[in-house]
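By written order: A, B, C, D, E, F, G and H. Residues from 1 in each chain.
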Amino acid sequence: MKKINSRPASLKEAPFHYCPGCGHSIVHRLVAEVIDEMKLREKSICSLGVGCAVVAYKYFDVDTVEAPHGRAAAVATGIKRVRPENIVFTYQGDGDLAAIGTAETLHAANRGELITVIFINNAVYGMTGGQMAPTSLVGQKTTTSPAGRNPLKEGYPLKFSEVLALLGGSSYLERVAVNNPANIRKAKKAIAKAFQHQKKKSGFSVVEILSPCPTNWRMSSVESCRWIDEVMTKVYPLGVIKEKKC
Amino acid sequence: MKKINSRPASLKEAPFHYCPGCGHSIVHRLVAEVIDEMKLREKSICSLGVGCAVVAYKYFDVDTVEAPHGRAAAVATGIKRVRPENIVFTYQGDGDLAAIGTAETLHAANRGELITVIFINNAVYGMTGGQMAPTSLVGQKTTTSPAGRNPLKEGYPLKFSEVLALLGGSSYLERVAVNNPANIRKAKKAIAKAFQHQKKKSGFSVVEILSPCPTNWRMSSVESCRWIDEVMTKVYPLGVIKEKKC
Amino acid sequence: MLIKTVFSGFGGQGVLSMGHTLASAAMLEGKYVTYFPSYGAEVRGGTANCTVSISDEEIASPVASQPDFVVSMNQPSFLRFQSLVQSGGLILVNSSMVNITSVRGDIEVVEIPTSELAEKLGNLKVANMIILGVFIKVSNITPFTLLLKNLPAILGEKRSRLLKINKEALELGFNYLQG
Amino acid sequence: MLIKTVFSGFGGQGVLSMGHTLASAAMLEGKYVTYFPSYGAEVRGGTANCTVSISDEEIASPVASQPDFVVSMNQPSFLRFQSLVQSGGLILVNSSMVNITSVRGDIEVVEIPTSELAEKLGNLKVANMIILGVFIKVSNITPFTLLLKNLPAILGEKRSRLLKINKEALELGFNYLQG
Amino acid sequence: MSGTSTIGEAAIQAGCKYYFGYPITPQNALPEYMAQRLSEVPGGVFLQAESEIAAINMLLGASVAGARAMTSSSSPGISLKQEGISYMAGQELPAVIVNVMRGGPGLGTIYPAQSDYFQSTRGGGHGDYRTVVLAPDSVQELADMTALAFDLADNYRTPVIVLADGVLAQMMEPVRIPSRKRKKLPAKNYILTGAKGRPSRIIHSFTMDPKEQEDHNWKLVRKYKQIEQREVRYESFLLEDAEMVVVAYGTAARIAKGAIKRLRKENLKVGMIRPITLWPFPTKIIQETVKYIHDFFVFEMSAGQMIEDVRLSLEGKGRIHFYGRPGGVIPAPVELYRIISRHYYQSKRKKGR
Amino acid sequence: MSGTSTIGEAAIQAGCKYYFGYPITPQNALPEYMAQRLSEVPGGVFLQAESEIAAINMLLGASVAGARAMTSSSSPGISLKQEGISYMAGQELPAVIVNVMRGGPGLGTIYPAQSDYFQSTRGGGHGDYRTVVLAPDSVQELADMTALAFDLADNYRTPVIVLADGVLAQMMEPVRIPSRKRKKLPAKNYILTGAKGRPSRIIHSFTMDPKEQEDHNWKLVRKYKQIEQREVRYESFLLEDAEMVVVAYGTAARIAKGAIKRLRKENLKVGMIRPITLWPFPTKIIQETVKYIHDFFVFEMSAGQMIEDVRLSLEGKGRIHFYGRPGGVIPAPVELYRIISRHYYQSKRKKGR
Amino acid sequence: MKGTIHIKQELCKGCSLCMEFCPKGSISLSKKLNLKGYFLAEFDDKKGCTGCATCALMCPEIAIEVYRG
Amino acid sequence: MKGTIHIKQELCKGCSLCMEFCPKGSISLSKKLNLKGYFLAEFDDKKGCTGCATCALMCPEIAIEVYRG
């Protein structure tokens, strides 16, 4: 019998440190597969946000810099402006990108920086232990919203991709999820498309990925996947949010 | 004959330091008139942004604090959370609020902070001498876009009110202008409505005001008013952008 | 006398609550006590541990570079801490999950088949309390009765329905080595 | 010899370019020169001024607390600087816009009806160059020919069509007091 | 109680009803505590800000409105607050800022360190200003210093920094939370409440006239001098017969104390000065001590920052030994004991010669 | 050429093709110059960032990509850059940061001041790090120091701060822009270019293991020691026969020089030490000078910050006189002349006694 | 309706907005400079001012007092 | 189509996603712990594995090798 799958070449050998069932691990593989398939390994530069994936440089076998929390898009801007021939992407969590990094992300999008943002939306601050994120759902209990997110005090879940889609410089935005096989396949396609938009110099591209965080959701991995379907996608509908011709 | 107009009580006697034909002066008067008419002088607290109006505390006869550049919404949040019974408003330029203050403004809106933002959009950094603002128009020449704003490098004019309108916490957003008598009357009504939304605890309210900056537009006052009609409103259409029932 | 104990294992094995339970009891006794958890929240997937220091005088450092006692719930933590424990010290190991190898001659090792015992009680989650019971017995570090008395306070109202099983587990452990 | 001159007036009266024109000529002459504009860009509506220091040796401060010469294009600046100018110093005033009052006895005041002169040339904007011409004559601070020679460089290509009128203005001023 | 909960509870007991912060290890348990507890306090507000910058400015706003309020963070987050702190110092606004230091520079480690000493004591922000810096060394002192911080902040209208680290924040120790015994504090006649029955008030930061700014700065300097005269706090330990003095603060001082106890057992005469206020620094006691003790041993969990204040205090007198562990390593008392004893014997030998 | 244009042109001549900044008075003419000039340089990029934080991080990105790049700002904006600077120091990334200081704290004034000395030299950010700080005193030196800043940054892989103020930035003086005479600099074998034909590279900031972080920090310390040994720069002026030494930098030093010339005319024997590198501070020359001159007169356009480094250098020797003008006031040479001569005579009298 | 206006000279900055929008053309720019250096707006009461106050509405400086009756 | 899989024990974290989505129910959670303390996924080749690789697609840890043929 023939082995029909293998670890992507753009991933180093190190086992992931993420919790069991964590979406980061799945997304890492997808990003690496796309880089492999598009032959971008030797061209890619990753600007890494701070979050559970802060040491993703242990996994991605591409040139990588760790940006200060929230500033990955600004760092990527600096890189891309110096090296327009490279493929530059950020890898950021929802807290990183939609809270502290709001301005950097929004303005990079508005300027149409030719970078790709891999946006892990797990509705929570994973790394710091499960605090409320701007993306947390109404009623979601977190360590800093122990009674559940109250929209009147803490606001509504921020649909940041929809915000970015409004901007002139953004070219491609799609929301995907990694909670079942079909969605995982779509997620991979979306990542490929985003890189394509960058290659074609069409504008800023974002793949928002609804990603399970069983640990901080206090659910099993399987429950987490179901929660994405049943609850999260109701607030964050999957699909293409914006796509310029390119 | 009877005198039919007078200086609003909520303005101190000091003559404005603004350039001839500057929209800030007009807006100051409108805000003060609304405060007078709604009897809010003894309840209002102003959180002042940094821009040409940085010394607006010399004019407004209400309690005023000078916030760090861009952070007026965060400062206002702190005030309002401590004193929910007061009327808290910010007075900010487009650079203050839509560039350095992007995150603070957007998240205050998303949280539905019960504050009112008076947003002076003059498509330029006035105070620092006419640099490009996020709101500058395509092709607009500024001291930092000497060849005119190039959307491919510097992005498209940021329609920040439209961005804020997307957020769950914003209650009332209207774009007005102070370039002719009819528009000035509408502007005043919009300011009153915004305060009304705050009083009714309906959510975050914004009045975006297209405001002439003859100095940095390198136009006469009259030309500036015309430019707002003929060019600026084409990019920033006037009218209510969002209005929750309240 | 200053005694430092490290409780260690995987996250999820309840090592922090073992330490917390002990520390609280010792505080009741009026001792100087510090409790210091490892905090790896920014780094996923590590092993968890905590250090309880109990003394008759002020405690300098809440950290133990050379603990007197170690309670080790899994293999990696056993490997790590068996080399740190003081000469003459003691390691309590969860033999259900630890293959004891390369042990130093100058320390004592006590093996407890914690998981099996916990299964007897019908609740794998109280393995930590069982081994804590054993530890109290072996170390004689704080009065067992005090620890039991303090249990309701530790569990709080929310988890008061777990009081019985935890008590049982502690007692099972405390009496284990007698049998 | 260190000579400090302040040019002052409203923003828009061209006081900064007066100073700049003088400073550039003096640099050509090989002198130590500093030019220091007031920068009130963050504060609207003030008066503008700049200081030109010309010396045979290194210049300590580009700022003048007690200028030797003042060229004053409007009333507020006249009031401000007439009290600062050094004893024995000189003030050139734009008498079209300044009501000379409360003048000290120990300084010289020269009045130039700049606006009227500029009207003669048909361009109110060159009032500054007229008074600069007078100033060069009166102060003898730098060779007039050098200043004229340098004018094209100062104006640059963009404003080269203004060369003629500026030259005329300078000359009108330079020769004014002779008449 | 854990260090973080202790800070939180002490703040609440001191009348703090408003917390603004942004998560960062190793102090997350503090905002988490406040999220829970402030929901139980009438009128209490816990607000997770979108960033440290937003948090410090919300704090500024709350202070302007007259409230006792606090924020907390750890090193990188504190860097982001520097502009806001400079504003509050300039605007003379009281505020309490807790820094649970971790190893740096950059993202660094999450482990305890003391390398933000310069930033805290010299003003990491711009302009001529100082902040009071309190450095507790136990959970009990976390409680006491937090309470004190609010009083000092209000009394002098100035931001106060409580400087802790990952050890103090995470550890549990028995503690008694001080109940609110308000010192008589000046009335807050500057705060913004709406100009009812009085002229409108201004809390400004910009000044048009440099002379006015200068006067303001000298006024600040006079205030700082007053604080330097009145508010110095330190602990001295076994100084009487000492032949060597350890200078250390916070967690490092705890560890040093353990080392000194061991040293004493072997009759090595070592004492300690533990600055509790890092600014104002306890210069005088050091100057007095050097009159009869020659050797100073500075121990910091950094590459050496407080040592500068010790040198400034000593003015060339005495001899300084230094031991630093930067980056998050927590040395054991026994390690320090060995190092100190080595230096101790070296000094003896030198003196012997 | 104006100070700001000079910095810009010198940067471009030094091979800087990337500028990232955010407007703030009194340095706006610099970004404005770069906006124009970099559009003429092939591949040049001028980018007005949305904030100072974005700007410093774009700079970080450009540095990571191997480019010579710069940012500039003024005091409040520099405070906001502290986290980024700490990152770059930790990640050992070269960068040039220009601070045109204005009066503070807070928004303060737009007028020239020197009150960011502590922030620049002690690391306003968190963690154990230093930045090289260059303090020019003329437009010519603005050019020279800007060029030098790029070389030092690349040579030591460290952020370098050029510390100017509103006087230097706004004034015009004759200047010769140094053309690019590249010192032999180490190859940039760490930069990110895409992992083509080599293993992938990592520029990280986070370390899991405190021991690893500690090693890194000590490595930084060794680098800083090397810089301290090699890169001290200062100007000494009329020291030979002096009886009093003024210590001042930047604009303050210019003014002091004017004052000293006057004093000399009246036979008051005053000289000057002008630190050009504020960090590393020229400690040695001060230590040598105090061997034969007793009186040191420190003059700063602040309430007194560099004076600490002078005190650290003097180690209790000599006597320090201080004159400070914080908040944006530019004193005249004659004012300083009067103050210095008063102190001079007082000292003489004391010595006489 | 008949009206008149009074322009406060020390406040006027000569921006011309009042004259631009006055329906009666009652205001024009004079050649007179005020102390701040601005050419002043000048009212001509022979142009049939109605006291509509449009000028005051437009005036940034609150320099115009309108009388009606 | 017939298939089989190999689960790398040292990588598996027992998250159960493979078994949840395996159309054939070929994988289940064993009682065996690995060194990291996780219960391991266990393959049962009698359940008719088709080599569809769904399990590998889901596995976060890249712990599953799929063979087909």
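Definition applied: a residue touches a chain if its C-beta (ideal position, glycine included) is under 8 Å from a C-beta of that chain, and two chains touch if they have at least 3 such contacts.
This is a predicted model, so every value here is computed, not measured.
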Most distant chain from subunit E by Cα centroid: G
Chain pair with the most C-beta contacts: E-F
Averaged-CA centre spacing for the pair subunit G and subunit F, given as whole angstrom: 53
Cα-centroid distance, subunit A relative to subunit C, in whole angstrom: 40
Centre-to-centre distance between subunit E and subunit C (centres being mean Cα positions), rounded to whole Å: 34
Whole-Å gap separating subunit A and subunit G, where each centre is the average of the chain's CA atoms: 60
Per-residue multi-chain contacts in subunit H, two or more chains: none
Shared interface positions of subunit A, touching two or more other chains: 16, 18-19, 22, 50, 54-55, 66, 68, 99-100, 102-103, 106-107, 127-129, 134, 153-154
Residues within subunit C bordering two or more other chains: 41-43, 45
Contacting residues of subunit G [partner subunit B, same complex]: 2-4, 10-11, 13-17, 20-21, 38, 51, 53-54, 56-58, 60-62, 64-69
Residues of subunit F that touch subunit A when the two form their complex: 18, 20, 45, 47, 49-51, 53-55, 57-67, 69, 83-84, 87, 91, 192-197, 200-206, 208
Subunit F-touching residues of subunit D, taken from the complex the two chains share: 20, 23, 27, 32-37, 39-43, 58-63, 65-66
Subunit B residues within the subunit G interface of the complex: 1-7, 11, 15-16, 18-26, 29, 180-181, 184-185, 214, 220-222, 225
Partner subunit C, residues of subunit E touching it in the complex: 2, 25-26, 28, 110, 166-167, 170-174, 251, 254-259, 261, 330, 332-335
